[in-house]
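Two complexes follow with subunit A in common, the first pairing it with subunit B and the second with subunit C.
On to the complex of A and B.
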């Protein structure tokens, strides 16, 4: 399965009469996009604003971040099973509006999460401060239940991103990168001298605001399975996860999964990247056992020497992580796990809720309990009043001058467990 | 058969018709301790005590599913509940409880209920 990703570099975003790309500037027709979103009868009002790198803007509460993409060659369309038919994606060519993103914001429940600062010290903790963001806030009709509200906002993000991505269809990309996964036997034959490596991606799948979808299927109802990395680049996995801002994977993270990109980078040089397994993180303990059994079984079936496992979220997924690690190690396969830590504000407490001696190679995304003071911004998009109800915030977080004191877990993507951030710990 | 230990009235209202539900008006960590006591009596842990990414110092509500039947002490269940109590203690007592206001309470109940719903679908 071979996919060309054509990056169209977006340097700026502006409102304009027509939605188009001219000389690296993405122009957005506000009215057209607003009308598209208002087609959903659950939505009563839409507000669209721009947030560019370096501007004194705070966006909160952030729900999802999505990169606009369009499929220009090959079967299927972007976000299969959700916005288009359940066609297998991941081959042909896809254009990416690199440097642009759609950010959705809105209150689903009274407690909140997710801050993106476009400048200042908070900006260093989130990758999304470096993007030209089209920020969409929606008011929904009175009495809409939480589940419906979450779905409505999720679809707003995906639809907007598809709408914007479409203007890249006939634009010549600034750069084209090719990613290819061969059939397993051919892949093994091609680099027989290199260690065979697979990637196990764990997906949050627990309930309201803790869900992930694969080709439109709720991940909690799936068994661990094989997927081609390029399918994910075409939007086969989307996020419905709006709890735990710092270590959830937004749809943007899935589309740009850095573990996949790094494995492709090393493929054929240091390692032989032969495939990928996705697995869920359910609440029920028997589900955890079943899913980790399948993960280990598939890793063994692939015949790999090593596996990289990335976690999503906090708490009970630590148990899934350790089960996956232990059972794969017991098959004689080396593992490296990627996680983050809740080690207390002083960093002195136990980092994970589970552990095992076999988990002896760990990459961390940082300590989510670390406290940071975020200075006031000139403009707030969303609702600042929620900050003292934000995960990682506390009563009194919001100071009179508009500055806020929060744990970095309040910042979207701060301790991301795919490593899509700057924080880590190194041994010397 | 399953049994639910909870301090969430929504879980009690929805599931007490079909399952044995023990509802207590107690704190999050006290729910975990009740579960630990049951495990010592031979019940088996069926759902993870730290379900959900809402942290133990943020939500007051917790529901845990255990087996209705009692057998020999299940060491695995005991390990998981003890580690969960330790983690919850870290959040609640070392980091500190977050006091949310307004109608947050009901929303936390709904999220906790949804985590349990996921186990019965």
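On to the complex of A and C.
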């Protein structure tokens, strides 16, 4: 399976009469996009705003971040099984509006999630402060149930990003990269001397605002399975979760999964990256046992020498992480796990909810409990009053001058467990 | 700049007074450099000096801890030192415990930096490495010169308030404090590099050494539950509607204690969850799903349990530090015992 990704570098975003890209500037027709979103009868009002790197803007509560992409060659379309037919994606060519993103915000239940600051100290902790963001806030009709509300906002993000991605269809990309996964046997024949490596991606699947979808199917109703890395670049996996935003994968993270990119980087040189396993993180013990058994079984069947396992979330999924690690190590396969920590505000508490001596190669995205003061911003997009209730916020988080004192777990993507960031922690 | 003033603590053995037969030696202060202090002073050069040495027998210290502590702290205070060094104690158990105890007490009472050195299996190391800096040493005094070679420059660093590097860089025992920083490479690149090293059997360093996990053995089963007073405790965040005590949705800093006398059912009008880590819809519809007051009232009425305790205790487990959870439970466990509760049902989510 071979995919060309053509990056169209977006330097700026502006509202304009027509939605188009001119000299690296993405122009957005506000009215057209608003009308498209209002087609959903659950939505009564739409507000679209721009947030660019360095601007004094705070966006909260952030639900999802999505990179606009369009499929220009090959079967299927972006976000298969959700916005288009369930066709297998991941081959041909896809154009990417690199540097632009859609950010959705909205208040769904009592506790709300995710802060993105476009400048100041908070901006260092979120990758989305470096993007040109089209921020969409929606009011929904009264009485809409929470699960429906969540789905509505999820679709708003995907639809907007598809709409924007479409304008990149006929634009010549600034750079084109090719990614290819061969059938297993051919891959082994091609690089017989290199160690075989697979990637095990754990997907959050604990319930409302903790869900992930693969080709439209809810991850909690799946068994661990194989997927091609390039399918993910075409939107085969989308995010439906944002609670404790620091270590949840937005759809943007999935599309740009850094483990996949870094494994491809070493592929054919130091390792043979043969493929990828996805597995869920359900709340029941029997599900955890079944999924981790299945993951270990697939890793053994692929005959790999090593795997990287990435987690999503914390606490309850720490159990899944350790089960996956232990069972795969027991098959004689080397593992490296990527996680983050909840070591308390002083860093002195136990970091994980589960542990095992076999997990002897760990990469950490940092201590999510560490506290940060975010100075006031000139403009708030979304609803700042929710900060007290954001996971990572506490009573009195919002100060009179508009600054907030929160744990970094409130910042979208801060301790990402795909290893998206440089942030990490060490023991003193 | 004047020299850094240091007070040094050693036991009767290293002071050359005697071995076990002199272990009841009472605290004594000498305004001179004694025993291992010589080597320290050599290493300090012009930067620091030992202004006093305190000598105390190991048995005396450990058998009269409070008295010895206050006597020695008074002696230290007199010299207004910039730093306090105890030991090194190598693998001498009672000496190690004494060094850790007195160094920690000096740190608390006089608010000055303190330092000790021990072999990793010295019981004093486990007891105090979280509280004070303890340098790694060999298991016997044969390692004296080597120990002091690392302790002396680190002592000066501490006294000057300079930035302290990681345990590996400096040679002290990890204190278990995790601190964030920005690395040169992103996490995924670090993971791939680590995996390649692991596959090639090369040396690599994990970013998070697995802790010795705290496992709690369940208590033996209760012989007759029909006579027991049962309490409900939850980390599922069930609170009276409106969350009156503002228990955080994640990383809780507190717990709540609520009266359920006369309540036989939790309803969506009266109770809800404050927990931010799971789908709250079903708990908000019927909080008994997390905190089963309804079923326990039935069991109480049927005589299957003695009685349901009048109060329940609640917090959110979501992202809450284990140390905080432990502290909450230590506090309310005392209340439960005082209230005559002999069984607790702990529910989580």
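Here, the second predicted complex is superposed on the first by the 424 of 428 C-alpha atoms of A that agree within 3 Å, B and C clash if a C-alpha of one lies under 4 Å from a C-alpha of the other, contacts with A are read in each partner's own complex, and residues count from 1 in each chain.
Convention: a contact is a pair of C-beta atoms (placed from the backbone, for glycine too) under 8 Å apart; a residue touches a chain by one contact, two chains touch by 3 or more.
As the structure is a prediction and not an experimental result, all values here were calculated from the model.
Taken together in the superposed arrangement on subunit A, subunit B and subunit C clash.
Residue contacts after overlaying the shared chain place A:210 against subunit B and subunit C alike.
Look at A:35: by the touch rule set out above, it reaches neither subunit B nor subunit C. In the superposed model, A:282 makes contact with subunit B only, not with subunit C. In the superposition on chain A, no contact is made by A:14 with either subunit B or subunit C. When the two structures are aligned on the shared chain, A:347 is found in touch with subunit C, with no touch to subunit B. Residue contacts after overlaying the shared chain place A:315 against subunit B and subunit C alike. Once chain A of one complex is fitted onto chain A of the other, the partner contacts of A:220 are limited to subunit B, with no touch recorded for subunit C.
With both structures placed on the common chain, the touch criterion links A:418 to subunit C but leaves subunit B unconnected.
When subunit B and subunit C are set side by side, the one touching more residues of subunit A is C. When the two complexes are overlaid on their common chain A, residue A:336 makes contact with subunit C while staying clear of subunit B. Of the residues of subunit A, those at positions 109-111, 146-147, 206-210, 243-244, 283, 314-316, 342, 344-345, 349-350, 354, 369, 388-389, 391, 393-395 touch subunit B in one of the two structures and subunit C in the other. Interface of subunit A with subunit B (complex): residues 109-111, 146-147, 204, 206-210, 220-221, 243-244, 248, 282-286, 288, 313-316, 318-319, 342, 344-345, 349-350, 353-354, 369, 388-389, 391, 393-395.
Across the interface of their complex, subunit A is touched by residues 45-55, 58, 65, 80, 83-84, 86-87, 90-91, 94-96, 98-104, 106-108, 110-111, 114-119, 121 of subunit B.
Every residue of subunit C that touches subunit A in the complex is listed here, in rising order: 130, 164, 166-167, 174-192, 194-196, 198-200, 204, 206-211, 213-214, 246, 248-251, 253, 272, 274, 276-281, 317-324. Every residue of subunit A that touches subunit C in the complex is listed here, in rising order: 109-111, 124, 146-147, 195, 197, 206-210, 243-244, 258-259, 261-263, 265-266, 270-271, 283, 305-308, 310, 314-316, 334, 336, 338-339, 341-352, 354-357, 359-370, 388-395, 407-409, 416-428.
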